[in-house]
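Here come two complexes built around subunit A, the first alongside subunit B, the second alongside subunit C.
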Partner chain A sequence: MSGIDTRITSPDAAPVQRNWWVYLILIGVCVLNVLPYLWMVMTGFMDKASAASATPQWIFTPSLEAFELLIHNKGIMKNFMNSLIVSVSSTFFSVTIGMFCAYAIARYDFVGRDDVSFWVLTNRMMPPVAVLIPIFVTFQTLKLLDTLPGLIILYTAMQLPFVVWMLTGYFRDIPRRYEESAMVDGDTWFQAFRKVTLPLMMPSITATAIFVMILSWNEFAFATFLTSTEAKTMPPAIMAYSIGANIEWNVLGAAVVLITAPLILFVLVMQRHLINGLSQGVAKK
Partner chain B sequence: MSNAEISHRPPARRRGLAKRFGPSNRRVFPWVLMAPTLIILFAIGIYPFLYALWIAGQNVILSKPFIPRFFVGLYQYQSVIQDPAFWHAFRTTIWFTLQAVFIEFWLGLGLALLFQRKLRGVSVMQLLILIPMILPPLVAALIWRYMFYPGAGLMTYYSSAVTSWFGLGEVPFLSHPAIAFQTLIFVDVWEWTPFMFLMMAAGLASIPRQPYEAAEIDGASSWRVFWTITMPLLRPAILIAVVIRTMDAFRTYELIVIMTRGGPGNATTTLNLYLTKTGLEFFDASKAAAISLIMMMIIIVMSFVFIRVFRSRTEAAE
Partner chain C sequence: MADLTISMLNKEFGSFRAVHDVNIVVNDGEFIFLLGPSGCGKTTTLRMIAGLEMPSSGRIEIGGRNVTFLRPRHRNVGMVFQDYGLYRHMTVFGNIAYPLQVRQMDRGTIAAKVGEVARTMQIEAILQRKPDQLSAGQLQRVAIARMLVRDADIFLMDEPMSHLDAQLRGQMRSELKHIQKTIGTTTIFVTHDQLEAMTMADRIIVMKDGEMLQFAAPREIFERPATEFVATFVGEPQMNVLDCTLAASDQGAVADCGAFRVALDQAWLSANDLRAGRKLRLGIRPEHITVGAPGQAGHPIEVELYSFEPTGAENLYVLRSGSCEVTTRTSTTESAHLGKTEGTRLAMRFDPSWVYLFDPGTGHTLAQAAASGREARA
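Moving on, here comes the complex of A and B:
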C-alpha cells in the first residue's frame, strides 16, 4: 500500500528533503579543503614581519614585497614561461598521438590487444626515480639535459599511458556504425574519423587534456633532476624557497600563488567540460 | 580540369602501400595507428627498463667510477631482499597505500552520494572541494609543511592551544614516528579524496534510473538499494579510480620528501624513498636498479590481480 502511495503522490507534492545536515557537512568539507591553501595565499601577501609572527595574523596590511622580490630579483617569470611551454606542448603531443592508439585498441580486434593495452599501462607504474638514472645518461649523450624539447619529449611519453587508457574507454562508447555509415557514403577512413568520431569524442578529449595539462604543469621529480637553469620549470624553482633553516613564508606563499593561479583559472573556465567529459566516459557500461 | 583530376590518381606503388598498411587491412592497420605511441613508450619506457636490468646485474656505484665493473648475477636482488630496511619500507608503503586509498574511497563515495540530493550552489561547492586535487602535489606538501611547522604553522598553533589545557606542549606532528606517519596519511587523504569524489560522481551520474524506480516500487530500503544496485553498477568507475589511486599512492614522492624526508628515523621511509636514498644519496646505482625492478614487479602483480578480480566479479554480476 505504501509503495503505491509514494508513486502517486511524489510527482505532485514537492518532496520535502531536510538537507540542512548535508549543507553542514559539505560546507565543513569546503572549508577544510580551501582554508590551508587560502592561508598560504594570504601569507604571500604579507610583509616579512607579519609572516614571521608566531601568532597567526588574520588581519594584516597587504604587501607585494614578496612578489617584487620573486619577479624582479629572482626572475621567476622565466620559470613560469618554461612551465607553460612544456605543459601545453606535451599535452598537445600526448593527446594527438595517444588518441590513435586508443582508437586502435577500442576498435580493432587484433592479436595481442589486451597485452598491448596492459603493457601501455605498465609504463605508468615505473616509479619516476627508477627511470631517472638511465634517462639522465641518455639525455646527457643526446644534449637534451636542461632543454625544453627534452622535457617535452619526456612528459609526452609520461602522459601517453594515461591518455590511452582514458580514451580507450571513451572510444568504446561511441557506436561503430556511425563511422561505418559515413564510410558507406564514400568518406575515407580518416574523413569519417575526423568528421564523425572526433566531434563526438571532443568532451572526453577535452577532459583528458585538462588532466594531462595539470599533471605536466605539476611534475616535480624529473624537472628537479633534468633541469638546472635554462629549462627550469616552476616546481623545482619553488622548491628552492622552502629549504633552509629560516624559511621566508611570505616568499613561499607568493611563489605558491604564481604556480597555482593559472591552474585555478584554467579549471574555473573548464569545470563544465571536466564533469561532462568524465561522465560521458563512464556512461552506458 | 576533370582530366587533370583523373590523372592525379595515386601511382600504383602508393596504392599498394595503402592496401598493405591502410584502413582496409584490419590486421595491420591498428599497429600503424599505435606505432607512434609504442615507439615513444619503447624509447622512454622499455629502454630505461632494459638499462636498469643491465645495471642491476653489475656493481655500479656512481660515486666510485674507478672500481672495476663486473657482472654479479643476482647478487643485487639478493642483497635487497636480505636488507631489513627494504622490508621495513615495504611494510610502510603497503600500510600507507591501504590506509590512504581505503579512507579516500569511502569519503569520496560518501561525498558523491551527498551530491545526489537536490542542493543549491552545487557547482561552487564542487569547485571548492576539488581544490586540493588541482594543486600541484608539491604545493599541497608545502602548504601542510607550513601548517604543521613547529612554531609557525596554523595547526601547531591552534592544536597547542588545546594541548596546553592538558599541560602538554606542541603536538609533534612531524617529529614523532607514529604521529608523522598518520600526518602523512591525513595530508594524502586531504589531497586525493577530491579525485575519488570526482570519479565516483561521474560514475553515479551515468547509472540509469530504471533500476531505482523498480526498487522504489518494490519498497526496498535505501541501504539495500545501495548494496544491490548502486555498488554493482558503479564497479567500472570504482575499478578505474582505485587502480589509478593505488598505483599513485604506492609511489608517493613529493609529499614524503617535503614533509618528513622519510623520517623521523625511517618511520615514513616508503619504497620510493628507500630507492631515492640508495640511488641518489649513496649512489649505489646497481642496488637502486634492483630495488626499482622489484618495486615494479610488485605494482604489476598488484594491479594485474586487481583487474582480474574486478573483471570476473563484474562479469559474474552481469
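Moving on, here comes the complex of A and C:
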C-alpha cells in the first residue's frame, strides 16, 4: 500500500514511446567513430602542402599525388598482395584446425579439458612483444625471416586460440542430437560432422573467419620485426613509407585508404553473415 | 523386424550406476514402454540399444545378432529423439530422405519411399518446408516419418510426445499405436508419462534408480504392482498409501492406520502369511474407496472433506481423518447427493478385496489385492 496512489486510472490509449534520446546517442557514437577516419581519408587526397598546413582545411582541390607516390614509386601493391596472401591463408589454416580443436573441446570429455581451454584463452592475453625475441631467433634458425610461409605459420598459431575459443561456444550450442540422429541413420562420425554439424555451424564459422581475417590483415608488431623487403605486409609498409624524418600526412592518409578500403568492402559484403553468425545461439533453436 | 534380448546390462558414469542389471526379452513386433521418473536410467538404456552409449557390461542382441559394442550405423535401428533432432538446414523432404541417401539409394526409390511415409504421417503438404516453419505437432510427425522411412529392425522413441500439448498427445497416441500395429516393427518407447505407457504398450518396463522394478502387461502393472513405487507411479490420481499395523479385533483382522481401522480379510492375510502386529503400508486406489453420508450403512470410517475436485464425469474427494489423507474417485452421478463444501462430515469404506499391502522397508508388495488377477486365474 505504501507510496502507491490508487486514485490514478489508466489513460485512454497506450503511452507513445518517445525514444529520441536513442538517436542522440547513436549520432554521438557515429560522429566519434567516423570523424577521425573521414579526416584521414580527406588528408589522403590532399597535396603535400595542404596536408602539412597548420590550420585544418575542409575545402581543398583533391589530388592523387600521395596515391601515385605509394603505388608507382614505393610499389605498395606488392605489400598489398603479401597482406592478402598471409591473411587469407592464415585464416584458412587457423579456422580449419581450430574448428576440429573446438569440436573436441565442446564434445568430448577428456583429462585436462578445462586446462586446455583455459590455456587456449590465456594465450590470447599475452602481448606479442613478450615473445618477439624468441620468435625472431626461432625464425632466424628456421630461415623463416622475411618469408610469407613464416608469417602464415605465425598468424595461424596466433589466431588459433581465438578461433577455438569462439567456436567452442558455438559448437556447444548445437545439440548433440543432430549428430546422434545422423549416426543412427547410418553415418560415420565424420559424415555426420560434415553433413549435419558443419552446415549448421557455417554462419558462426564465417563470422569467426571474418574476425580472424581482419586481425591478421591489421597485424603490425610481428610483421614489423619479422619482415624487411620480400614479405613486408601493409601495416609496416605504411609506417615505412609515410614516416621518415618527418611524417608525410597525405601519404599516411592515402595508405590508410588503401589498407582499409578492402576491409570495408569485405565487411559490407559479408555483413549479413557476420550478424547471422554472431547471433547464432541467441536465435531460437 | 526382429526380437531384442538384453542381458545383465550395466552402465556406470564414474561411480554412478545409471543402469543396473537390466534383463529384457522383447518379442518380434511388440510395443514396449520404458516407464519411470526422470533420471531412472530409461533413456540411458535406450541409448545403449541405439549404440549412442556403450554399456559398461552386459549384452544386447537384436534379431539374434550381438550388437553390444557396435557403432550405431551397424545396428539398423530407427530413432526419434525428444527434441526431434531434425536438421534445420534441410527441408522436411531432405530430413526424411537423409537416412536413405546415407544408404546411397537411387533418387526414384527415395522419392517413392518418402512419399509413402509422408502419406502415412499426413505430412505431404509440408515436404518442401524447413523445420523452423513447422508446428510442434508437425515436427513430431516429420521425426516419426524419418524413423519409419527406413526398414529398421527396431524403432526407438525417446519421449517423442513430451513437447506436444495434451490434445495433440491424445491424437498421437491412438495414431502411433495404430501405425505400430500396422507396420509391426518392434518398438521401444521411453516415457515418464504413465498414461502414455498404459494406453499404448503391449508390455511396460517400470524403472527406478537404474533398476527394473517390473516388466509386464499394462493391466498386470496396474492391478498387480510389484512394489509400492510401481503402484503409486501408475494410475491417476495415484494410489493412496498409509502406514498401518495389523491387528486382531472382535470383528476380525484389521489394519490400524492410527486415525481409523480398516477391516481386512483374515483368509487373505493368512494366505499371504501376514500376522497381527506387523507394521505395513496399506495401499488402495481412489476408485476402490466409496464415499457416503455419515452413519450410512457399511461406511464405518468418519472423515472430513478437505478438498473437492470435480473433473466432469468423476468427482475427486480428498478426505482427511486425523493425519491420514486419502483421495477417492466416484462417478458424478453416484456422489450427487453428497456434500461438496470443505469441512463437510462424510464417511468412507475401503473395498477389502482391493487393498494392497507393502513392506515399509523394501517397498515390495507383500499382498496383492484379492480381487486382482481373477480374470487371469479364471
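Observations
The rule we apply is simple: the second predicted complex is superposed on the first by the 260 of 285 C-alpha atoms of A that agree within 3 Å, B and C clash if a C-alpha of one lies under 4 Å from a C-alpha of the other, contacts with A are read in each partner's own complex, and residues count from 1 in each chain.
The definition used in the following text is that contacts are C-beta pairs under 8 Å (C-beta built on N, C-alpha and C of every residue); 3 or more make two chains touch, one makes a residue touch a chain.
Because the structure is predicted, anything quoted here is derived from the model rather than measured.
Once the complexes are laid over each other on subunit A, subunit B and subunit C both fit without any clash.
In the superposition on chain A, no contact is made by A:I59 with either subunit B or subunit C.
Vertex at subunit A: the C-alpha centres of subunit B and subunit C lie 80° apart in angle, rounded to steps of 10.
More residues of subunit A lie in touch with B than with the remaining chain of the pair subunit B and subunit C. Legend: residue contacts after superposition of the two complexes on their common chain; A:I238 is shown touching subunit B, with no touch to subunit C.
In the superposed model, A:E180 lies in contact with subunit C only, and not with subunit B.
In the superposition on chain A, A:W249 makes contact with subunit B only, while subunit C stays out of contact range.
Taken over all C-alpha pairs, subunit B and subunit C come no nearer than 7 Å in the superposed arrangement. Subunit A residues in contact with subunit B (one complex) as well as with subunit C (other complex) are 188, 284. Partner subunit B is touched in their complex by these residues of subunit A: 2-3, 6-7, 17, 19, 22-23, 25-27, 29-30, 32-34, 36-37, 39-40, 43, 52, 54-56, 97-98, 100-101, 103-105, 107-108, 110-111, 113, 116, 118, 120-135, 137-138, 153-154, 156-158, 160-161, 164, 169, 188-190, 214, 217-218, 220-221, 235, 238-239, 242, 247, 249, 252, 256, 259-260, 263-264, 267-268, 271, 274-275, 278-279, 281-285.
Residue ranges on subunit B touching subunit A, taken from their complex, read 22-23, 26-27, 29-31, 33-34, 36-38, 40-41, 43-45, 47-49, 51-52, 55, 62, 111, 114, 117-119, 123, 125-132, 134-139, 142-147, 149, 151-152, 154, 157, 190, 194, 198-199, 201-203, 205-206, 216-219, 236-237, 240, 247, 251, 253-254, 258, 271-272, 275-276, 279-280, 285, 288-289, 291-293, 295-296, 299-300, 303-304, 307.
Subunit C meets subunit A in the complex at residues 50-52, 71-73, 75, 77-79, 81-89, 98-99, 102-103, 132, 146, 150, 156. Interface residues of subunit A facing subunit C in the complex, by the touch rule stated above, are 175, 177-178, 180-188, 191, 196, 199-200, 284.
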